[in-house]
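Below is one structure, written out as structure tokens; the observations come after it.
We call the chains A, B, C and D, going by the order they appear; numbering starts again at 1 in every chain.
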Amino acid sequence: MLLSLILIPLAAALICLLIDSRRVYEYATVLSCTAISGIALVIAGAALSGGIAGSPGGAIYADALSAFMVVVITLLSLATSVYSIEYMGGELEHGHIDAKAHRYYYLLYNLFILTMLLVPLADNLAVMWMAIEGTTLVSALLVGLYRKRSSVEAAWKYIILCTVGITFALLGTFIFYYASSGASGGGRGALEWTALLAMAPRLNPATVRLGFILIVVGYGTKAGLAPVHNWLPDAHSEAPTPISALLSGILLNCAFYGILRFAVIARASLGYPFVRDMMFLFGISSVVAASIFMLIQRNAKRLLAYSSIEHMGIIALSFGVGGPFGFYAALLHILNHAIGKPLMFFVTGRIKGRYDTVETEQAAGVIKAMPLVGAVGFIGIMALAGAPPFGMFVSEFLMLKALAAGGHWVIMGVFLAAGGMVFYGLLRSFGGMFLGAPTSPAPVGQSMPAHPPAPPRIPLPVGADVDRRPAVRGFRGLSSGIVMLLMAAALLMLGLYIPGPLDRLITLSAGIIGG
Amino acid sequence: MTGAFLRIKLPPTFFSFYGNLSIAFEMETDRPETASSKTTGKLSSACYLLCAAGCLFPGLLALRDLLLGYSWHVSLPLSGVLTLSFRGGGLSAYFVVILSILGFCVSVYSVGYARHSSASWPSLLLYGIFVSSMYAVFYSANIPAFLVSWETMSLSSYFLVVSDTKNPESARAGLLYAVMTHIGTAFIMAAFMVMYFATGSLEFTAIKAGLSGAGGLRSVIFVLALTGFGTKAGIIPLHTWLPRAHPAAPSNVSALMSGVMIKSGIYGILLVSLDILGGQPTLWWGVAVLSAGAVSSVMGIMHALMERDIKRLLAYSSVENVGIILLGIGASMIFSFNNLPSLAGLALAAALYHVFNHAVFKGLLFMGAGSAVHATGTKNMEEMGGLIKRMPWTGLFFLVGSVAICALPPFNGFMSEWLTFQSLIMGIKTSVVLTKTFMLLAGAALALTGALAASSFVKAFGITFLGVPRSQKAEGAHESSASMLLGMGILSLLCLLLGIFPGYMLRLISNIPLPGLGSLPQFTPGAFAVTGVASSGVLPIVLLGALLAGAAFVFAFPRLAGGRRKTTKTDPWDCGSRIFKKIYKPRKEVRIEYIVKPFFTREIEYRSEITPLAEAYFYRPFVRALHNVAHFAKRLQSGNLQLYLGYILGTLVVLLVVWG
Amino acid sequence: MWYGDRVNNFQFILILLLSPLAQGIIKKIKAMMQGRVGAPLLQPYYDLARLFKKDMVIPRTASWIFHAAPYVVFSSVLAASMLVPVFSAGQSTGFLAGGGIGVSGTGDIIAIIYTLALGRFFLALGGLDAGTAFGGEGSSREMSVAILVEPSMMLAVFTAAVASGSTNLGVIAGSGSVFFSPAHVLALAAFFVAVIAETGRIPVDNPDTHLELTMIHEGMLLEYSGKYLAIMEWAHYMKQMLLFTLAADLFFPYGIAGAGAGFGIAAAAGLWAGKMLILCFGMALAESTRAKMRFFQLPSLLGAAFVLSALSIITFIMTGK
Amino acid sequence: MPKAWVVVYSITDFITIGMLLTVVAMNSLKRMESFLRAYTINSLLLALLMAVSAFYLDAAHLYIAAAVTLVSKGVVIPFLLKKVVRQLKITHEVEPNINTPLSLVISSILVVVVYSSLSRGIFIEGFTENPLKVSISIILISLFIMITRKKAVTQVIGLLLMENGLFLAGFSLTYGMSTIIELGVVFDVLMGVIILGVFLSQIKKTFIDLDLDKLTTLKG
């Protein structure tokens, strides 16, 4: 069962590699994502009934927390794959990319999903590290897909910074191993999370502390925690929009998941305050830094990237404050963010398709020109700003509750103040885009700009038979519209009602984090 | 039992929303880009009528709750972590009654109003959400329910404000509004979190029980809540959004925003400081509220006086009236502190009464202004004029509203201000010098506002409706549709009824379980008196009779005296200036009044100093500083990879040194 | 006594009937001070009668507000006078007292001031309605003056109200507890300025002129003629007398009759007439010795009145009397 | 403690210090060729260390690890990099962000920081202590080199130096955890290098120059 989660994307990737038919690899990708989503739900069901898929110590393994992450990853990958077909098809038809890059995209897309799925499924922390490093390598190629100056620059920075970061994470992993070997009397240590957790109280605290610092800085770089977040706005703004959605929605969470797993051990070994302080430090600096940068940000995608930093900060804060509510809030926020942020990237992508820009001051009147996108976008903004009745409100409210119960007033005050700035930044930029009279040269009702295709950056391969017909027929924008509506509905639902199974899954996962 | 109540109460409040939802989407699907506006109009009418009906039932039920002292409580456990609970009766029922009356009238008004404007389906939907969420705010019985409803209310009203996409100003006004209200909500949230910290509960009733012992925390909660709710209520200097957002919104929405939504701020202040914190205020709480009220009332109406935009004028007048309400609340707190329960009840009753009254006449005025703006296509009063001949009923209703808001007898505004005056004067009579001084200042502020309000509204009504048309559009204006007139007519009638039967209102108010209100003296329906520390009374219905009798007398007198007189209609005399009519165009004459006359020039100078006070000395420097910080911070993300690597190294080294 | 209550109910008729006379007296005194013979004492009555008989000219631009204004103005002043104890502050009834609900006295001072404000509101609207420059100017000036006059009057009244513990004129007049404390003197001064402004007298307004650029009250009445002008003028006379009576009640409440004292009522009525004469004289004196102020200097005068009234109540708070 | 261990310690210490010295020395190297050569020496020292330990510990899997390291880091990667450098015609590093003497000072400060912060009761037994301290120092100094240098290629070499430090740490802390994992890590590193190579050529194509100062269009 678990293995199929790995094998299906792999197979899809092979199809992309081998079969050069746009229709085939597009459908293969969507089908693969549908299949793994189904499997993920089954795994989650098993986790709910107390079962653990796979075995601890085995190659892959899934407890409730893993199942939760897998569900988040697969469902979002499904949504993104549907959106990709429309979006990347548009990019292809407008000559922003060539046919080779188009196929290459789907190949990497499947590999990207694969590596990300591997992260929560690995019991062995070194394997998890490899998976996370794998995500960097694959996604760096995706970030640089356009081969433009700026996208190459972004990809370069991304790969260098994340590799440096992840080097520290591996060092931290080694040190945990060392600690475990010390705990087991100088013999072989353990790298399995389950084993480490079991011996956590016996680990040398000083060693664990050193290791955890390295882990937080290392995976924190990848998770976009300030002040080591700098790759994030560049990569998010330059990647193809569906990839930005994946980066923001899942990749950051995968990296944070790495921190989570180690933090559980560190907490069992060092006690609560150290982990809390570390999380507070990175969390609050992320929230503050992001809110300041969002004040004057004029590029919609960069703005969303900074918003991701803010939300990772919120997750860190919720996790840091701890207690059942804190952990629950952190996980719920991961889910909410994995819906809300991709939704906004999708909206931005649609706007780019219509206006050919993501600069907030160059577009206006979205809500008139594309009512659905505008309406969904407004919902997304409100959700990202943590306003009820959307999902983020619930998780942020729970976090505030936990903060209040712990008496962390300074943190709460700073968070609330930053929240105001974030709200201002989001609403100013997107509000300016959505409202007013439509500015686009394209007439209302036409979803794509009418300008002639830009000359391709890279010459087409000789004799390449390019299938430029859209794979999904019918009304353009329909599939992505449905996806976006569903996501908005999910945000609304999570704000008012958390389904029982989901609630239990999160509670179980929070229990795992709580030890 | 609660289940029964759930069936009875909640559906009507939310079904307006659902009704809107379904119909709105129906409209969307069968509407191509250029649909027949007739169908759209019919459907939107149906939506608004549904909303009106939806407002009727909860209003009647809340009235019954209030009169019979019923209360109900419903818990909706939405998930393991989020339970929303709602309750009715008491204070919330009182506000629900207000909302229902205004919601009903505004919805009826909207039927006609929306037919002529380009109402899109989202704005219909949002209207329903807005009304429903206001109900939910008043019904909320725990923190999550309150926050959810509160933000839903704020956001839906934000979208309604920006729904006029043709107007570039509306987006900016909306942004300011949304950000201010969000910051306000942050304060409210903080207040609630302190409550949670102190009591470990999210339910208002449990918090109330748990907070009785908390000393200093109570003050913290109070300050946070006053700031947060004050932002919504429009207390100066937190009012900056109000004069921008209200004019930008469609008039039916402005009527609701000004009539009810800003009252939700008042509701919040009452809920926290008198209900949850148990009505044992410290002295300075009352002083703070009283001062805020005094400043808001005087500054608000002074700003209003200088406005030319009719809706901005009304918006500033709302600031004034909120100030008057706060005077009552603040006085009540001070009396409570001084252990004078009957006076506390009196002042509180005055405030609550004014809440009701202001909702009625400000709703009426915004609707009237909406009709005028609609008919002329401008919000500038100086481009209107002479409308009363073209829209006589609207003119009459606006006049009623103006007279009422100026607290002139026999309309309702007078009754509540009279009560406020009574409580303040009695406050001056009490023994504590400090209390006396503050009551005196408050009384002086209230006295100042009276004439200023009259002046503002003579201008508002006179310039808009009287005289001669000063623009082409004003000349071509026509009377509003029947539903709009009906909406305004009901409120006009209420202005009169609430004015001449104050006793009923006070009986209603005395049923609210807030400190002091129970000890209000029993009032007879038509009369109005204060006994105890003070004693005085008015008989508004007799006063009305006297006014009518006087008019009848002077009407009959010349006829009794006999003789036949002829009435001629001709051009106005105007000191002979009609001889120079070619030179003095009517438009020019009016401009003289505002620009050339030395007195007014002087006033403009004087007031322009206070106009941007809060903005110039607080908001702008603050925003500028923030932007400076942001621009400075931008340099930290310089695009230089080495710098970013440096951050990683630096972070690591610092952590190693500190913790390693 | 059986007739006492009835008398209380109808004392306002004195104001209704005698107010033109008071105007005549003031004019006469002024004329005498200026060394003229002056018009006969009853001239205001003749004027009213003449105006009532005249034809009316109505501006074409006027709406129904123009027609309604005189009636509202008159009835508001009349209703206000019904609230005022002219010479008797009877315990039980009073035409508009809250008598039926167990409150003593004749009328509430705040109600009186606001009822008068209702009249002013419509007076200003009437001035605006014709859409002429001078009418509008008069209205806006009237309201501007009111901005400072009304609060000073209110605060001056506060002093009296606080001293006696009620805003009910009957109680205030009947209490007679505090006479001529410093607070009362200050309040009286403020009130007097307010009365000058309210009655449209020099130095605030010039009742005798129709000089275009200086008039306030007359400006608003400019378009009125015939019956309506008569009603307006009468209302103005009544308001003047009403304010005098108010001043008497508030600051010289000596000799106001209690309930149902037969001889007391006659004496009180006489006393009232005396007080009115004194006030008329004071008014004429003030008017003769002062020059009309330029309009934009008014705020300083009226502001001074406001400060005086505020001072009076502060003094009251500080001294306790 | 057996005597043989002492010998092992002194030998391993010797080799690790040698690695540290090469890294510190790289601070002052500006010719691309010598820079690359220093990296190769560093990698070879690492492989040697592994081999020595394998000999003394008599652990077969460490021989494999040593061999893999020798091949990948000592031969393949330097070869690839040399090819890139030739292709891209880079001979000299431009003036670094920080001058050589200051770089040396900062490097030694980093070493001091690592040594002081790692001497707080982390270690149970002596063997790992020095190699770990050295390895973390190497990692930090490599990162510092990446900060001071402006050429994209030097960034890659810096990154690879970090990997060397990491291997040293991994080896000293875990005696080679398990071959599979080590192979996986090596595989990752190789992939990384290839992808970085792709981007290097991409940067060359799109930016004409491999100077990182040009890569600052994305900011704020």
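The working rule: contacts are C-beta pairs under 8 Å (C-beta built on N, C-alpha and C of every residue); 3 or more make two chains touch, one makes a residue touch a chain.
Predicted model only: the values in this text are computed from it and were never measured.
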Pair joined by more contacting C-beta pairs (A-B or B-D): A-B
Inter-chain centre distance, subunit A versus subunit C - centres from mean C-alpha coordinates, in Å: 77
CA centroid of subunit A to CA centroid of subunit B, Å: 43
Whole-Å gap separating subunit B and subunit D, where each centre is the average of the chain's CA atoms: 69
Between subunit A and subunit D, centroid-to-centroid distance (C-alpha), Å: 31
Sites on subunit B at which at least two other chains make contact: 634, 637, 639, 641, 645, 648, 652, 656, 660
Of all residues in subunit C, the ones touching two or more other chains: none
Touching two or more other chains - residue numbers and ranges from subunit A: 156-157, 160, 164, 168, 210, 233-234, 293, 296
All touching chain pairs, where touch follows the definition stated at the start: A-B, A-D, B-C, B-D
Subunit B partner contacts - residues on subunit C that touch it in the complex: 52-65, 70-72, 74-79, 82-83, 95-98, 100-105, 108, 110-111, 114-115, 117-118, 120-121, 124-125, 128-137, 139-141, 143-144, 146-151, 154-155, 158, 161-162, 165-168, 171, 210, 212, 222-223, 226-227, 230-231, 234, 295-296, 298-299, 310, 313-314, 317
Residues of subunit D touching subunit A in the complex: 117-118, 120-122, 124-125, 128, 135-136, 139, 143, 146, 152, 155, 159, 162-163, 166, 169-170, 173-174, 177, 181, 184-185, 188, 191-192, 195-196, 198-199, 202-203, 206-207, 215, 217-218, 220
Touch list for subunit B against partner subunit D, complex: 634, 637-642, 645-646, 648-649, 652-653, 656-657, 660
Touch list for subunit A against partner subunit B, complex: 156-157, 160-161, 164-165, 168, 209-210, 213-214, 216-217, 221, 227-228, 230-231, 233-234, 274, 278, 289, 292-293, 295-296, 325, 328, 332, 365, 367-368, 371, 375, 378, 382, 385, 387-389, 393-394, 397-398, 400-401, 403-405, 407, 412-413, 416-417, 419-421, 423-424, 427-428, 431-432, 435-437, 444-445, 495-499, 503, 507
Complex contacts: residues of subunit B adjacent to subunit A: 33, 78-82, 122, 144, 147-148, 150-152, 155, 159, 162, 165-166, 168, 170-171, 174-175, 178-179, 182-183, 186-187, 189-190, 193-194, 196-197, 200, 202, 626-627, 629-631, 633-634, 637, 639, 641, 643-645, 647-648, 650-652, 655-656, 659-660
